[in-house]
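Listed below are the structures to be examined.
One chain, subunit A, appears in both complexes that follow, with subunit B as partner in the first and subunit C in the second.
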Partner chain A sequence: MPVFNVFIKILRKHGSVTLLYLSIYVLLVVFFVMADENGGSAADMFQDKALALHITDEDQSSVSLALTDYLASIHDVSTQTVERGEILDGLYYRTLNYVLTIPDGFEASLLAHDAEGLLTFAALPGTSSELYVNRQISLYLDTLRRFLDCGYSLSESLERTGDALASLPDAETVSFCSANALSGGLLEPFFRYQPYILISVLICGLTPVLITLNGTRIRTRTACSPFPAGRHTLALLGGSLFYGLGLFLICMLLCFLFSPEGIRQPVVWQALLNSFVFLLFSAVLAVLVSLLITDSNVLNMVANSIGLVMSFLCGVFVPQSLLPDAVLRAGRFLPAYWYIHATDLLAGRGDEVYDAGSYWTCIGIQLLFAAALSVVTFAASCRRRKGS
Partner chain B sequence: MTQPIIQIESLVKRYRDLIALDHFQLSVEEGEIFGLLGPNGSGKTTTIHCILSLLAYDKGTIRVFGQEMRPDSYELKRQIGVVTQEVAVIDELTVYENIDYFCGLYIRDKKLRRQYVEEAVRFVELDEFQKFYPKKLSGGLLRRLNIACGIAHKPRLIFLDEPTVAVDPQSRNRILEGIQELNRQGATIVYTSHYMEEVEQLCTRIAIMDKGRLLAAGTTEELKRMIKKSEIISIDILDLQPEQLAAIRSLRHVYEASFDGHCLKILCSGGTHNLLHVLEYLQAEGLSFGRTYSELPSLNDVFLEITGKELRD
Partner chain C sequence: MLLHFKYSFLELLRNRPQMFWAFAFPLLVGTMFHLAFGRLDADELFSPVPVAVVLDAEHPACDGIRHMLDALSEPEDDPFLIVTYVSMEDAEALLSEKEVYGILHMAESRDPAKPPLCLTLSAEMSGDPLYQSILNAFVDQFNLTYAAIADIAQTDPAKLSAAMESLSAETAYLRPETLETSSMSQSASYFFSLIAMSCLFAATAGSEIAITNQANLSPLGARKCVSPVRRSAATLCELSALLLQECVVMTIALLYYRNVLSVDFGSRFGYVLLATLCGCLAGISLGYFVGSIGQFGRFQKNGILVAIIMTCSMLSGLMINTMRLYVEAFCPLLNRINPAALISDALYALAVYPSPDRYFKNIAGLLTISALFCLGGIALTRRKKYAGI
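And now, the complex of A and B:
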């Protein structure tokens, strides 16, 4: 056990780096969740809201009055005649959100199917009010036209349009992901940022130990002793496994600390499995780095370069749905892409609906990456041994 | 007759087209301090690596303690200590932890190991630095730590590959005394160095090798007897005529004489009292002379004459 014991001893001396990364990670997760909570969820941000509308009805027809009534059922509508300057002041000071003018002859034009572009409106540019009210006006007029086209009289069509729009079913956002999705709370950012953290922690924590004990001088000295080379390699593998499993255990503990009820949720266990597979890949990467780099002082730079490139290409920091196609195409050749894809599936984010097949595909691809990297690492190890 | 502790016969080692060891022969007896001398690239380290089975060789046999040395000869390796030319210690461990780790590769018994490690610390006089990390040690102290790591397990056979490179004179003397002490305690030592005076002072037998071949082996005196030069005479003279120089060349045992304007240098081969003959001639010629030196050939002269080059060429 001398090699394993000294592995643990050296690991302890580099323990501060691991602790530092994990502490920053926990703080970041908490910070992002707090920032997210202040911003509100997507459902909270997009809710029906009554706006301040001013309608100038020059037509005073049954259609214009019905449209005014419909809009008044949703918004705070004023119809008094006011000066143009007063309207502009209202828009500027946000006491008015939208100003609609229904021109004279609007009803006749509508019946003649020639009302396109007749309505004029004003709203503050860059606000959602314009889109929001326009969509409601279009909905009303399109519905009315359909009833007219069906042969109903104008009064009947207005009545039916009013009824139809009043009885619209309440819309509800439905997520197709599994019932216990990771979204919301600390778990989603906790799992999302793991690729960067795992790569950094493993390269800065494990690689220096391997560089030290696998260095040519120490290897040569060990080869002179009665300690078999195979046992030396096994001790290093055992030490790496110990470190990897220890790190995973800490991740699990943090996960259940952030979400104590997660222990009963299958989706959390699926996310943990996803993390474990990515950890395998990162551990093999750390071993490969230890074979290619002999100076421990550059490891921070290497860890940051690999971690940041992988994170930005694969959607760790920026959601995959916001990344350009070209970036995603490149990201597919990196395991972090499939890790994030699986996390998105579990969290109900992104464009794809969760299904077990897709999840296991992501896990399988990550395992393939780990296996391929293991082969490269083995080849590098053989080459290095032959060289020395 | 006792069996040699190391016996190498017709050892051949090739690196593709380069022949690193060309039918190399060597025999080291138990209790010796055996010096291996040779210029860079002569095959010294290759020889040691082959003996330790760190390198596979193409032809020949290597026997250590009378047994064939193989990579899995762990019982033989248990009795061997190696002090590498480059300091091979772990920067993250203290002096004590380093010695304990390397000793632990040989000695499993914790109590015995502790005793050995403490003895090794005392032996290299690093008692005050036990809790220091290698980066805090000076070059000399680091070399001593390197030695302690190689000898803590009390091996019967120790390979010391240039252990005094880049070491201050004080530390060097301590290291050399330590090596002699190890030898007195019963260890056989194979020593390689660039420093001729060290080898001359330390080694009981020396082998000179070049281009992978053994050129000569023996005690210092035996080696000195192998060369033509037996005495070097230097005399400060103000003026010397060419005919006088020719006359000196014709003196008995003188095989070379040169005058550079103020110093007459004479090389003699064999014979005794050569200086007396030269001084008699100078006196007879009425030549006044100053400082006079007579030196016996050094190991460096032996090396130069045998290999045709300086050790550091």
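And now, the complex of A and C:
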């Protein structure tokens, strides 16, 4: 018990780091949902994806206003004057997808069959968003042009174009699986970012405690005390378990805070099981790091190196569907890959289709990773004891 | 002075774990970023859309549609679609397995006035890079053209020839504008944040210098306090040696990023080095300031530094690159005082903006912050006397 008490005392000193990482975690989840308002969740009726457009209308004619209205019916259009820097920032960070400039005299040129190349646009060249908006602008202007060529007046052509576009049938949408709590909302990013947070929290929170208690001075003092070595190890194990389970309980609590109704869905419990298995691996990793690193000053760099490397290689911050094949092949040798794969299966993200067999394979592989790392940790521990 | 600088530098070099991680962190994480972001920019580029097509041979528009789809999927001619002709059951299977982005099929109605082409999409295509919307726009374009001709043919057949003429004369209304920026690579922004984080990690070593100069916090500090060397001179030498070490480490990391990982920093690499130097200075002075505060020990001070570094890095866009823009919208002051945001924004400004104004504003911000932290650290530690330790 004295070792366990000391363990808790040192742990409390590092409580701020745990709280810090958990706060970063909650912020990331909330931010992700804010940033991803536009996409992700399944809907009964298909809606064209709304992009961020900026239109500078120097013409202010009936054609330019009608074109702006048409684009605004699909996209998020801004028309207020902005500085060039804001446009560059928006295009760089993809918060702005397309910038259209309608020059003065466009309507007159269109009526005079002299509108070729008059509209200027800025978008990332060759991207889907460029093609998508270009196609919509051409669709509108071609339709209008057709009615004008048939001899209708401008106002009549604009009205007919609007009617023709409005009368188009909606695309039919089919759903192949029932919606689950993990697709869309806060739970998907909540589970997605867990590998980075669990690794960072456990290495920055648990490892310094183990380094202190396994340090030469404390260990030698404990060795010459009447306290049995076995009970010392048991106390450390108990402390680590206490910390790990506490962390998992906090994660569960956050999960139910983010989605109170999610508790009724088996998919959320499956995701929690996935998290628990990854937490086991992370805890063993933290113990291994405590055996290999003796300087607690570099722990933050170690935690971030392991956490960021694993996160970026396995699809935590960048979806697996965007990772190159070579990276995915390398990622398979890391448990975070299987964690994310299982989360993608449960959420139906990207190209993943849920399959119970694949899910349990992911869980099994993570357990195997944890077991293999436990063996390595045990070997490192024995070697260190022999050395000392 | 020079002797003290030399030994401070040697001391830093001999701290193997610190040295190893100072080098390994930016190189290792940078390499992984490079591997992970290999397809980030490429994924935005349009590539042919896989689509399942179910044709009804009895529909009057069937031949026309088939001809058009074949033309659009010609592999030699920059194809727009990758077409698979299948039955409806097979098409649904392909859609459910996310092998195709949609099913193109014929309308049940044979009425020539009704749009002949229909589109069925999956509700579970959350990872769709706009392809469903592009398919929808394509079907709309086809149906609209078809409906317009049918409408004119029915209501005013005299105008049909004019309509057909208009249809064949395609006008390219749009002209791309040249952006004055040299780089639009989204992945580079993650590297900017990584460089900022690596610079700020120098704070842990800066804090160590402050701690080892205080007699009440470390035995080394006690020995230094009774030595005849002026504390200000000793501290200045140690901080300068650390700055030199960090600059060497970051220069190697930057050269590695530029030459091996092909990160696009723009054409002004000298300015990139200057920004990194200022970033290291800000990191070291931050650490020196935190290390000088109060009488609490190494653990607590490291905890505070970790909190500051991680929060600053997250807000500068290390995990989600648009974070800095959101901070700018909600609380711009935070971006002015966050050293990680200033470093990454300086690097971003160099890569994207032709004018160096924004870059120099960030550099001025970094130097001001560094000066404030250094002055704060000096104010907290100068003329400190210990009655007992």
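In this text, the second predicted complex is superposed on the first by the 245 of 388 C-alpha atoms of A that agree within 3 Å, B and C clash if a C-alpha of one lies under 4 Å from a C-alpha of the other, contacts with A are read in each partner's own complex, and residues count from 1 in each chain.
Here is the rule we use: a contact is a pair of C-beta atoms (placed from the backbone, for glycine too) under 8 Å apart; a residue touches a chain by one contact, two chains touch by 3 or more.
Keep in mind that this is a model prediction, so the values were computed, not measured.
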Mind telling me which of the two, subunit B or subunit C, contacts the most residues of subunit A? C
Counting only touches as set out at the top, which of subunit B and subunit C does A:73 meet: first, second, both, neither? neither
Identify the partner contact of A:9: answer first if only subunit B is touched, second if only subunit C is, both if each is, neither if none is. first
Is A:155 in contact with subunit B, with subunit C, with both, or with neither (first, second, both, neither)? neither
In the superposed arrangement, does A:118 touch subunit B (first), subunit C (second), both or neither? second
Would you sort A:226 into first (subunit B), second (subunit C), both or neither based on which partner it touches? first
Is A:62 contacted by the first partner subunit B, the second partner subunit C, both or neither? neither
Mind working out whether A:217 is in touch with subunit B, subunit C, both or neither, as first, second, both or neither? first
On subunit A, what residues does subunit B touch that subunit C touches as well? 13-14
Contacts from subunit C onto subunit A in the complex sit at residues 17-18, 21-22, 24-25, 28-29, 32-33, 35-40, 43-46, 92, 95-98, 102, 115, 118-124, 126-141, 143-145, 147-148, 151-152, 156, 159, 162-163, 165-167, 170-177, 179-181, 184, 186, 189, 197, 201, 204, 208, 298-300, 302-304, 306-307, 309-311, 314, 319-323, 325-326, 348, 352-353, 358
Interface residues, subunit A side, partner subunit B - complex: 2, 5-6, 9-10, 13-14, 212-213, 217-218, 220-229
For the subunit A and subunit C complex, residues of the former touching the latter: 13-14, 16-17, 20-21, 24, 27-28, 31-32, 34-35, 39-44, 46, 48-49, 85, 88-89, 91-95, 99, 101, 113, 115-132, 134-139, 141-143, 145-147, 149-151, 164-165, 167-169, 171-177, 183-184, 193, 196, 204, 208, 293-298, 300-302, 304-305, 308-309, 312-313, 317-319, 321-324, 326-327, 330, 347-353
Would you mind writing out the residues of subunit B in touch with subunit A in their complex? 52, 54, 71-72, 74-75, 77-78, 80, 82, 84, 86-88, 90-93, 97, 101-102, 104-106, 149-150
